[in-house]
Amino acid sequence: MKFPFQNVALIGKHKAPEIAEPLLGLAEFLSGKGLHVVVDSLTGEHLKAHPYPVMNLGEMACAMDLAIVIGGDGTMLNIARTMAPCHVPLVGVNMGRLGFLTDLTLENMQDTIAAMLEGKFVTEQRLLLSARVLRGDAEVCSGLAFNEVVVHRSNISSMIEFEVRIDGEYLYNQRADGLIVSTPTGSTAYAMSAGGPILHPSLDVIELVPISPHTLSNRPIVVKSTAVLEILTHRCSDIRLRFDSHSSYDLQLHDKIVVTRHPEPACLLHPVGHSYYHTLREKLLWNQTL
Amino acid sequence: MKFPFQNVALIGKHKAPEIAEPLLGLAEFLSGKGLHVVVDSLTGEHLKAHPYPVMNLGEMACAMDLAIVIGGDGTMLNIARTMAPCHVPLVGVNMGRLGFLTDLTLENMQDTIAAMLEGKFVTEQRLLLSARVLRGDAEVCSGLAFNEVVVHRSNISSMIEFEVRIDGEYLYNQRADGLIVSTPTGSTAYAMSAGGPILHPSLDVIELVPISPHTLSNRPIVVKSTAVLEILTHRCSDIRLRFDSHSSYDLQLHDKIVVTRHPEPACLLHPVGHSYYHTLREKLLWNQTL
Amino acid sequence: MKFPFQNVALIGKHKAPEIAEPLLGLAEFLSGKGLHVVVDSLTGEHLKAHPYPVMNLGEMACAMDLAIVIGGDGTMLNIARTMAPCHVPLVGVNMGRLGFLTDLTLENMQDTIAAMLEGKFVTEQRLLLSARVLRGDAEVCSGLAFNEVVVHRSNISSMIEFEVRIDGEYLYNQRADGLIVSTPTGSTAYAMSAGGPILHPSLDVIELVPISPHTLSNRPIVVKSTAVLEILTHRCSDIRLRFDSHSSYDLQLHDKIVVTRHPEPACLLHPVGHSYYHTLREKLLWNQTL
Amino acid sequence: MKFPFQNVALIGKHKAPEIAEPLLGLAEFLSGKGLHVVVDSLTGEHLKAHPYPVMNLGEMACAMDLAIVIGGDGTMLNIARTMAPCHVPLVGVNMGRLGFLTDLTLENMQDTIAAMLEGKFVTEQRLLLSARVLRGDAEVCSGLAFNEVVVHRSNISSMIEFEVRIDGEYLYNQRADGLIVSTPTGSTAYAMSAGGPILHPSLDVIELVPISPHTLSNRPIVVKSTAVLEILTHRCSDIRLRFDSHSSYDLQLHDKIVVTRHPEPACLLHPVGHSYYHTLREKLLWNQTL
């Protein structure tokens, strides 16, 4: 991470015209502090005329020192997959409701970012997953996930069957709607809906959460993040691989999916005093009594 | 139910050549007792030459007094949907492992059926579900289910959103992978994998079991079987309706699915001494200690 | 139920001085309408001087046409166990937060009760459980429960073992922290915390919910309310029976607990337009998004 | 760990006369190899006359190079709590059924141990928990746990309320039957019955699993093993602290329980080729289909 930050990328939620005003306001504020501000090209399409240079995400990943994302957790997921391999730290601003990844608000954004530019921030590394699909000797698909990689039935089948190996060792054959391989970040997303535990985001672990498993004792399993997970599809060909609810890939019978920790973590910057447990209480409504 | 039984349908699991010999053996046994034996046309395709008349399922439903099914629970589900509306009682023979619906074995089949022909059986009524899809004023799809009707995401979306009404009253909006509307029979099938309770098969109830619901307090709900359930799809068009893992239908945005109890229950015949709880213990491995 | 109501019992939450004023206000309002108002003796201890006759709950159960309870669901549970056997209908007023059983508020109480006195109410029957403990030939304990009967480990043991029979038929041996036998009313109370489904309060069913069962496939089971449940304690003597979190009894090894539906249901009166599903949404925070 | 092993402790399950013969046979076998064999004093009470010196567990912990335990997982838990602080490695022999901690059988015991004495073994470190109870400024209780520390309601109360802090930071207030703080070893024991995930035993993590929590979104949480957990009891005085289902302590209102990782892990020795996942499949019946 290059600090102090000189080159700052501003990225907004896709197709959300309401971010135009606060984003340009923030750009002006940062420019006024002498920073080099660049606006994401997709975001820029929806802005009125402005004086800032425009780059696409890939260009930003190579050139920027910091990325500020205005949107929700979904936007952050997408940006993190691009920025993580290039070590660009991320700051998330939510547009209303507190997010797990977006802890600044539009209201406190300028003050908080001003403090961050002076070094008042907390750095957090979050692991990403890398998944590859092997068909015979060929790699036919690969991708990154910040929340989870999901192997799931597609539209025709009622259940899929697959085998899981961990570090080359047989774990189980399972019949289920699918299997979620989740990062700690993803543990409060889809994995939680399917019955998985909350994993503190600092943990170096990965969880496997079966979706509606046929065998009732098939519980979520947490393993170390350095494990090599192999998922082999059996008997059904109507299976799909999904990365973070973002992109997906149609699997064929006997495809092997290999999931590992991505070598580069995503780097999140939080305001000083940020509390993960506070976010958890807010998001899971633990403050409210029945 | 017409008793004593005169006209007996024999139906085997689809594409299971191993049922040929026991099925023809049973046919000979029943013929020898003076009964009129008819073989299902699909089953018959896989049998060697035999002297028994052949009918399709629809013809059997109109003409037979009793249907004997050799196969597994899946076969029974399919046959029950056809036979129930015509009040033809069903006997199930499993081909190895005890089933929830198939409680005779190939070994005890002849003796047990002989006893049943003399009236030594227990009758059990099981409710079926009827589902219709309304698109504007038109009914575009309808079908029966013995286990469950499922509204679920199809291949592209990561989550669906729908509204549920019970007897015209708003229950909830829900974001989830889908919703299972299950009979008591289906409570030990897919609904159980998704976290639903076991419902004794004699109960006049229906359960709604969300699949991986976004809101963690969205628990399975059991309501009376006379309830009219309406499911309205919101915001996502990539949704599918499934009947018993058997057939399915692609829904469109704003389709309304109406699920009600089918007016005619399926009638199962069990040997005297049949125990549902015994089957439950066997199937859920409660006899085995960790 | 005797209607129109002439004799009305007023009962307040125990040790809650804040109910004094609204309760006496209601008494005056009802007296002014010519009704015979009686105040519960325990409640009365905490009221300033007032002109209304005082009775204990047992006397009220014999003499009153209607019982109005100001408090929370816990108070309603206690009163219902006494009133149900004598067919006295109950109206519940909550003191702040909506309850499952208390659907009037202090604010709308007078208007709503005035309407109810004119017959504008909805009647709902709710089943109660009756439990007896047999030790050899002797009945050593008996009691009623509106929510649930719980058999649970007491303070020393780490797990208990018991056998369950339904209508004389063996269901299972189970090792667990305990077993909850719940009414539909209780399905949103302790049974829900232990993983049980929501049962619509109109259902004639009982659910058995194991607490932290050793065998992972031991799911909640719903059976018809006419079932006779027998629970036999095995191998551990440190077991306790609990009625509605209200009273409890120390069991001995080989005690048999028999749980059945109580012959008399509790009768709740709701305002016209009352919606169970509305209460469910409010109490389970389904209206709120994460 | 001192290797090669010279001083070997033999310890049998308490009050299990059937271990006498295999234990003395093993003693003879090890003596014959020139090792110094010592028998646990409690175990020794149930043995016929034998020539081996006897020590209690505390003496063994100071003097022995290896402890061989014949019994089940419960026996291993108890021995591990004593041996871990003194770095004595443990080998477990089960008396019938495979255990999570006891992976040798009576049949293969001599051959496997002979191989282990030659260095053919796999070493595994498993973390233990240390819990202390603070009352005002005084520490009134402390203990170790290999599986879990449990804070739970005792016999009178129906629910307890407590606050949890992690590393000084507020996590939540919770109403529940109790809270399990579990090691990875304990994740397949009580924590699993209460709904917790499986944690691979090599992980440096601790899980918090609520027991029948009042708030339905209160899911198990996994945190790093270096966390300092504080549990503060609120409003109910009838609360108990339990260590491994072994010993327990009555808490008072406002007691603070502090749970941390014990500085010394337990060291288990496994035969070469030992597979945790194999044990998992066997114990959770994953090999068996419904």
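For reference, chains read A, B, C and D in written order, and residue numbers begin at 1 within each chain.
As a convention for this text, a residue touches a chain if its C-beta (ideal position, glycine included) is under 8 Å from a C-beta of that chain, and two chains touch if they have at least 3 such contacts.
These numbers were taken from a predicted model, which means no experiment stands behind them.
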Pair joined by the larger number of C-beta contacts - A-C, A-B: A-B
Proportion of interface numbers common to chain C and chain D (over half same, under half different): same
Approximate Å spacing (C-alpha centroids) for the pair chain B, chain C: 37
Separation of mean Cα positions, chain B and chain A [Å, integer]: 41
Whole-Å gap separating chain A and chain C, where each centre is the average of the chain's CA atoms: 47
Chain A: positions in contact with at least two other chains: 192, 214, 216-217, 219, 284-285, 289-290
In the complex, chain D residues that touch chain C: 154-156, 158-159, 176-177, 190, 192-195, 211-214, 216, 240, 242, 245, 248, 284
Complex contact set, residues of chain A against chain C: 97, 216-217, 219, 283-285, 288-290
In the complex, chain C residues that touch chain B: 166, 169-172, 192, 196-200, 202-203, 205, 207, 214-215, 217-224, 275, 277, 280-281, 284-286, 289-290
